[in-house]
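The same chain A turns up in both complexes below, where it pairs with chain B and then with chain C.
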Partner chain A sequence: MIARAGAGPRALPGWVWRWGALLAALALWEAAGQATAGRFLIAGPSEIADYLWTNAGLVGRALAVTLQAATAGFLLGNLAAMALACVALLVPRMAWLISALALLVFCLPLVATGPILRVLYGAGTGPQITLAALAVYYTTYLPLLVGLRAAPASWFDLVHTYGQGRMAELLRIRIHAAVPYLVSGLQIAAPAAFLGAMVGEFTGAERGMGVLTIRAIGALDVPGTWALATVASGVSIMSYLALGALGRRLGTHPRDLLLAPPQATRRPPAARRALGRLGRAVGLIIVVLLLWQGLMEGFGLNPFFAKRPADVWAFLVTVPEAAANRALLLGAFAQTMVLAVPGYLAGLALGAMLAAGVVLVPGLGAAVLPVAIALRSVPIVTTAPLLVLALGRGATGTITIVAVMIFFPTLVACLTGLRQTPGQVMDLFATYAAPRRQRLLLAQVPAMLPAFFAAARMAVPAALLAATTAEWLATGIGMGSLMALTASTSSYAMLWAAIVLLASTAMLAYAGVELLERRVLRVYASEQRQP
Partner chain B sequence: MPLITTSRRRFLALGAAGLSASAFGLRAAQAQSAVALQLSWLHSVQFGGSYIAQSKGYWRDLGLEVALNPGGPNAPVEPPVVSGQALVGISAADYTAAAVANGAPFRIIGVAMQKNPFAIASLPGNPVNSPADLVGKKIGMALANTPVLQALCTLNGVDITQIEIVPTQYDAAPLVSGQVDCLLCWQTDLPVAMTMQGVDNMTMLMADHGYALHSQTYIATTDALANRRADLVALMKGEIMGWQDYEADTAAAAQLTVDMFPDAGLDLATQVLQAERQAPLMFSDLTRANGFGWFTDETVAANIETLALLGRSVTPDLWDRSLLEEAHAA
Partner chain C sequence: MLPDALPPPDVCCLGLAKTFGSGPTATEALRPLDLTFAAGQTTALLGPSGCGKSTLLRLVAGLEAPSAGHVTIGGNSPAQVCARAGLAMAFQDASLLPWRTVRGNIALALTLARQPADPALVERLIALVGLDGFGDRRPAELSGGMRQRVAIARCLAAEPRLLLLDEPFGAVDELTRLRLNFDLPRLWEKRGTTTILVTHSVTEAVLLSDRVLVFSPRPASVVADIAVSLPRPRNRDVMATPAFRDLVDQASAALWAGSLAGPLAAE
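Here is the complex of A and B:
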């Protein structure tokens, strides 16, 4: 790539930024490792390379095991997502229920689902694969559902002219329209699958990257811990890049947004809408309770650990210790939320601002994106303890972990949104020679909002996952610790109560963001509201 | 594990043969009964005796095919035993008491660790040699273990409010990097890790200061005790034989562990040291007189007292020595 003449000092070629940033980061890292030598905190690149060289066979075998489970989970999870999206589309009446159940399962905390899966599967890689699948299916399902609808109405008219129905719509239009969305969903899914497989190993496995990580942390083997984290992130980054390249190969750049006049559909009166919402919420609760009870009975799960809805109700409401149980649960919940909410907001703000920065300063993207991908790809199970060690056990550590987990998907989504600004709008601004900042604020930011809100919704479960994982593995407070603790106290009613509380919180927060989204988009981006 | 995969062929070849020939050191002739032993942590020399039983075919000769299911930081131990997936689990008296309080029908049928492995680890520059030294110190531990510290304080007349508890992960780094003055951990893992990394350290074993609590206990359900007695006795017999060998040569047990689990990332020198440090917790005058895994009314009574300090009230029938007696007699 050759720098274009006269483009000014800012327009350095991308590779200068990229390699410069990479080298600077490596140098800083090595310096930090040298400076803290003997404190068992940071291993620099040279120590990591040395560890990998000496233990190449061991790490290679572990990687193969974990990668295999992650890949299987990735495939299964994404196939499930595609199937769910197609069903939701073909049976529109069921779409809300499918989406709600899909979200609910995605909101179940890993700390709690892991051991339950282990009991269900027994020995083997079942939990690893299932957790990997659970970690990915929702981040594919949601964009896919949007993508399957992202085709101009005229195309559907054409299909209908030929007397074809929904199936033909799906096969001839929607699937093609959805490919770019699918690819971006898969990109986010790849690191998540690896994390799911590693957490699965924590439930009892003989080999794999998760097993080696636990061992390295316990053995105070800092180079080992960092080397394993590096390998895990390297794999995640490569899968992210490979999927992106595959997307480009397929020629699937997300299309420009479709400009369409605001739909003049008459909205039912507010009271009826509220009633409809309430009805759905009640319906969802009934379905969930029936599924919960039914699945446990169906699988014949022992009530010692597989608590039914009535057990949780008794634990929180009717037994003599109910008040104490509630106090313990809510106390831990407050500890978690105090950290999860600021981390969530900080992550969203950071993601959106970086995206804006990347648009304003063209070279910045080349420098920021690889670092962002790397940060996001390091499995949280290895970063959480390291970050807490580096930033302290106070609020900062956990908030940072939450923000790190969230900012990358937000950044990617916002960048896509910014770049999708309709050409006609940008042409208009260009005609008036509007400055870059004005273009950003008046044209691109409104175009970004739908993507931003989609990211903000997805970030809700991610924030809770990050906060509880940090609490479980590093800080030892809050819901994450409470859930992990139930294994030693056999207080499985507490575990299920915690699951209910966390999942309900995630669902409500998700619905809250959705409500805000509708309000904002009605004003700022009425032409691109998703159907 | 290739050691347990040949059962089918053996089943076909030997299934028709009659009497057990194990007394003569020959392989058992009856059909292999498949059971699982749920371990409480990842594979390591912590379970060295079980690996010896496995590799030397002690269980095989008793007609048992044992799967050793590893545990982990997020692994359930009691649920698989309750649900019958594992015949026996490796628990600890406090965990077992909690499970029983929550409705699990468990009995403790053997005690691998006579002395509880919990210890306070510190650095020589700022040592904790006795519970009184804890006053004014920052201790790194999982908050979940607060009752353990409370019990130690009560037993030794120390005011727990004079100790600052810092919630940490199970990791020696906070101590080494100076974030805390001491750690509540097992005698056999984090201190061993520090020693191996060249960090001089010292430990105060809580069992030496009144904290009497059986650890690495074998648990089974009352249902299994009633209906699968022969399997349970065979399992315990294999364990006894394996751990006898372990006591005789801990280094060999460490070597076997590393050989059996080449993908577990185990370091031989670390395993050797851990195996050595673990032995005094498992073997005592009591076990030398009565055999591995033994417990008496007195040790049970001491456990019940410690459990009461931990907020658990149990009766002596939580312990059942009959299987152990049969296994040692057989």
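Here is the complex of A and C:
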């Protein structure tokens, strides 16, 4: 530790901050509930407890249904993720394609895939389980792939000097090196599975937490909405903590932060890199179109709702109403982007700024981090109705939902990043008695940038998910509303066109942020890159 | 450069002790120690790994608070000296900021020392450590030896009167290390600084210093205090003299004898 003669207040122990903050938050919440009583805004802890007490049976049964679907989706999604990661590892040439396809499926808007899955499966829990699986596999796949590669080259050389091959590499080294990454992936996956199952239930299930939530919003049942959101958050936080505890029993420290997977050390010239990127993009588009068509034909899906690439092309380009279709689609897209982009930027900025502010107070950073990590796992979208209740159906509500959705992951990533400033660099600043502000600006914030960009990359699909869900559940404008509307009026060509547009937007934005991230990493984390 | 060049300070440690942790897991890194480092001298602290010599250096730099006793630098506390940028420390790894160029890393010391930017001084320092033409490179593009030279240049930028070098050449290959050992002392000898150098190379200790303090294993105590009065500049010719070899033998013997008193001897 660094001795700071006469510098600032004494650091309080972490638990004082944590419990103090928790009690203060509860008291504030209750007070807010009392103050706004009768205005259909906020239900305090006492009202929530009352609701849960009187409706214990109802909520309990719904929770059991949703948990069952979420667990099934969690298992299926993670098995798929592990299989995908192993394939990507064993066939390195295909790794980029597998990763890109995995990302694409992750970027599909749940709001549109939900209704389509509903018509595919009919009644039952099929859509919930599928959406839960879709919500988790990417957040497991990505860390797992990084983890499987995160061992120093000398360890593999050791295996090779005994004449062993790739299988021994995998069994003796890679699997062990990947465990902490897998645990952190699973930790994020557990709340995501719950979120996926709830969104699946929004699309017309008979039972479950999602159904109750939709009903409570419809009936302007404020205590009910709050109670359900609280239960959903509690379950998510608990699943997160339980998996973390499991990871610690396994003797690992989950990685709170994942930078972009490193690329080849020898970089080809810029022109060839750009060409390679273009080639991959074209290859990806061809593969996606083939897969799309192939899956539809292979399963013999009804062309009425299972549209093919040609149908979407016709809908947007060749039919007589194509211009009107495009105008409707792009109009809704613009409405969504106008809200999603400011929300995305605001969430990132607030997360980074709060993280930077928190480290200025001694002891506070270490205390805030676990709270932020726990809150990161709250499925914000399930609390979207509350924010809409509080902020209204205008632009502010949607922007806030997007911002809140992104805020916590960013805060966690930035706090972790700030802590990664090398100790000797901080010592250097101490030998000049540099003030805290200077340490922050010259050493800690630059050291935080890689983490910030990693968060910004993962936040892209999250921002679109949050915006469209808010539009669907509450505001009635934009892509979310358009998709919900077209699903209920059976204009499936528009729905598929919306999926194509949103997924490609998410992919492009993700790729753009990743490009930025790699540039930043080259300069700002050149010494602390993972092998 | 500062107009009013201050004389180099002496460093006094009085009853200086450091214990990490408390209770049964407490580790005594440094037994109460009385030491004086004369103004303008270079002193090498030589000892086995983990004996507490780095802790001593960090106590002098004010990076650790002593458990007992105190350090004065020219009569002032380390915190006062740090606040005036009166000391500079070189770390085991070069600790350059990877996002700053060589020039930016050296200039950083001036910023931190609250001194005006001085591009000409930075260029002179780059030339002094033999890195002409590398001013715009980032640390990742440099070899280990080059990075250490940047770190030394950064140390010198704010004209400190006390230099604390914590195994600055530990991560550098033997040949580069020898060259740095020959070249770099000239940079601070001319300026009149008090220098404390931590190393576990006997040759390096004798080659660089006016005085070698040999430490026992943890908790550190001084087992030998050897004056080194070899001519400067020290180069390969000096290394070839019997006097040099005598001193190296003397320090090695003390290091060995000291280690026998430590916990390894029980085995």
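Convention: the second predicted complex is superposed on the first by the 433 of 531 C-alpha atoms of A that agree within 3 Å, B and C clash if a C-alpha of one lies under 4 Å from a C-alpha of the other, contacts with A are read in each partner's own complex, and residues count from 1 in each chain.
Keep in mind that, in the parts below, a residue touches a chain if its C-beta (ideal position, glycine included) is under 8 Å from a C-beta of that chain, and two chains touch if they have at least 3 such contacts.
Nothing here was measured: the structure is a model prediction, and the numbers come from that model.
K.L.:
Touch check for A:V119: first (chain B), second (chain C), both, or neither?
P.N.:
After superposing on A, A:V119 lies in contact with chain B but is clear of chain C.
K.L.:
Between chain B (first) and chain C (second), which, if any, makes contact with A:V523: first, second, both or neither?
P.N.:
Touch partner of A:V523: chain C, not chain B.
K.L.:
Could you look at A:P446 and tell me whether it touches chain B, chain C, both or neither (first, second, both, neither)?
P.N.:
So A:P446 only meets chain C here.
K.L.:
Just chain B (first), just chain C (second), both, or neither: which does A:Y432 touch?
P.N.:
After superposing on A, A:Y432 lies in contact with chain C but is clear of chain B.
K.L.:
According to the contact criterion defined above, which of chain B and chain C contacts more residues of chain A?
P.N.:
The larger set of chain A residues in touch belongs to B.
K.L.:
A:A270 in the overlay: touching chain B, chain C, both, or neither? Say first, second, both or neither.
P.N.:
A:A270 contacts neither chain B nor chain C.
K.L.:
Flag every residue of chain A that touches chain C in the complex, lowest number first.
P.N.:
Against chain C, the touching part of chain A is residues 1-3, 5-6, 422, 424-425, 427-434, 438, 442-443, 446, 523-528.
K.L.:
Using the touch definition up top, name the residues of chain B that touch chain A in the complex.
P.N.:
36, 42-43, 67, 69-80, 82-83, 85, 94-95, 98-99, 101-104, 142-144, 166-174, 176-179, 189-190, 193-194, 196-197, 199, 261-267, 270
K.L.:
Which of the residues in chain C come into contact with chain A in the complex?
P.N.:
Checking each residue of chain C against chain A gives 58, 61-65, 77, 79, 82-83, 85, 87-89, 91-93, 95, 97-99, 108-109, 111-113, 138-140, 158, 164.
K.L.:
Would you tell me which residues of chain A are touching chain B in their complex?
P.N.:
Residues 39-41, 58, 61-62, 65, 111, 114-116, 118-119, 122-123, 199, 201-207, 211-212, 214-222, 224, 301-305, 385, 388-389, 393, 473-477, 481, 484-485, 487-493 of chain A touch chain B in their complex.
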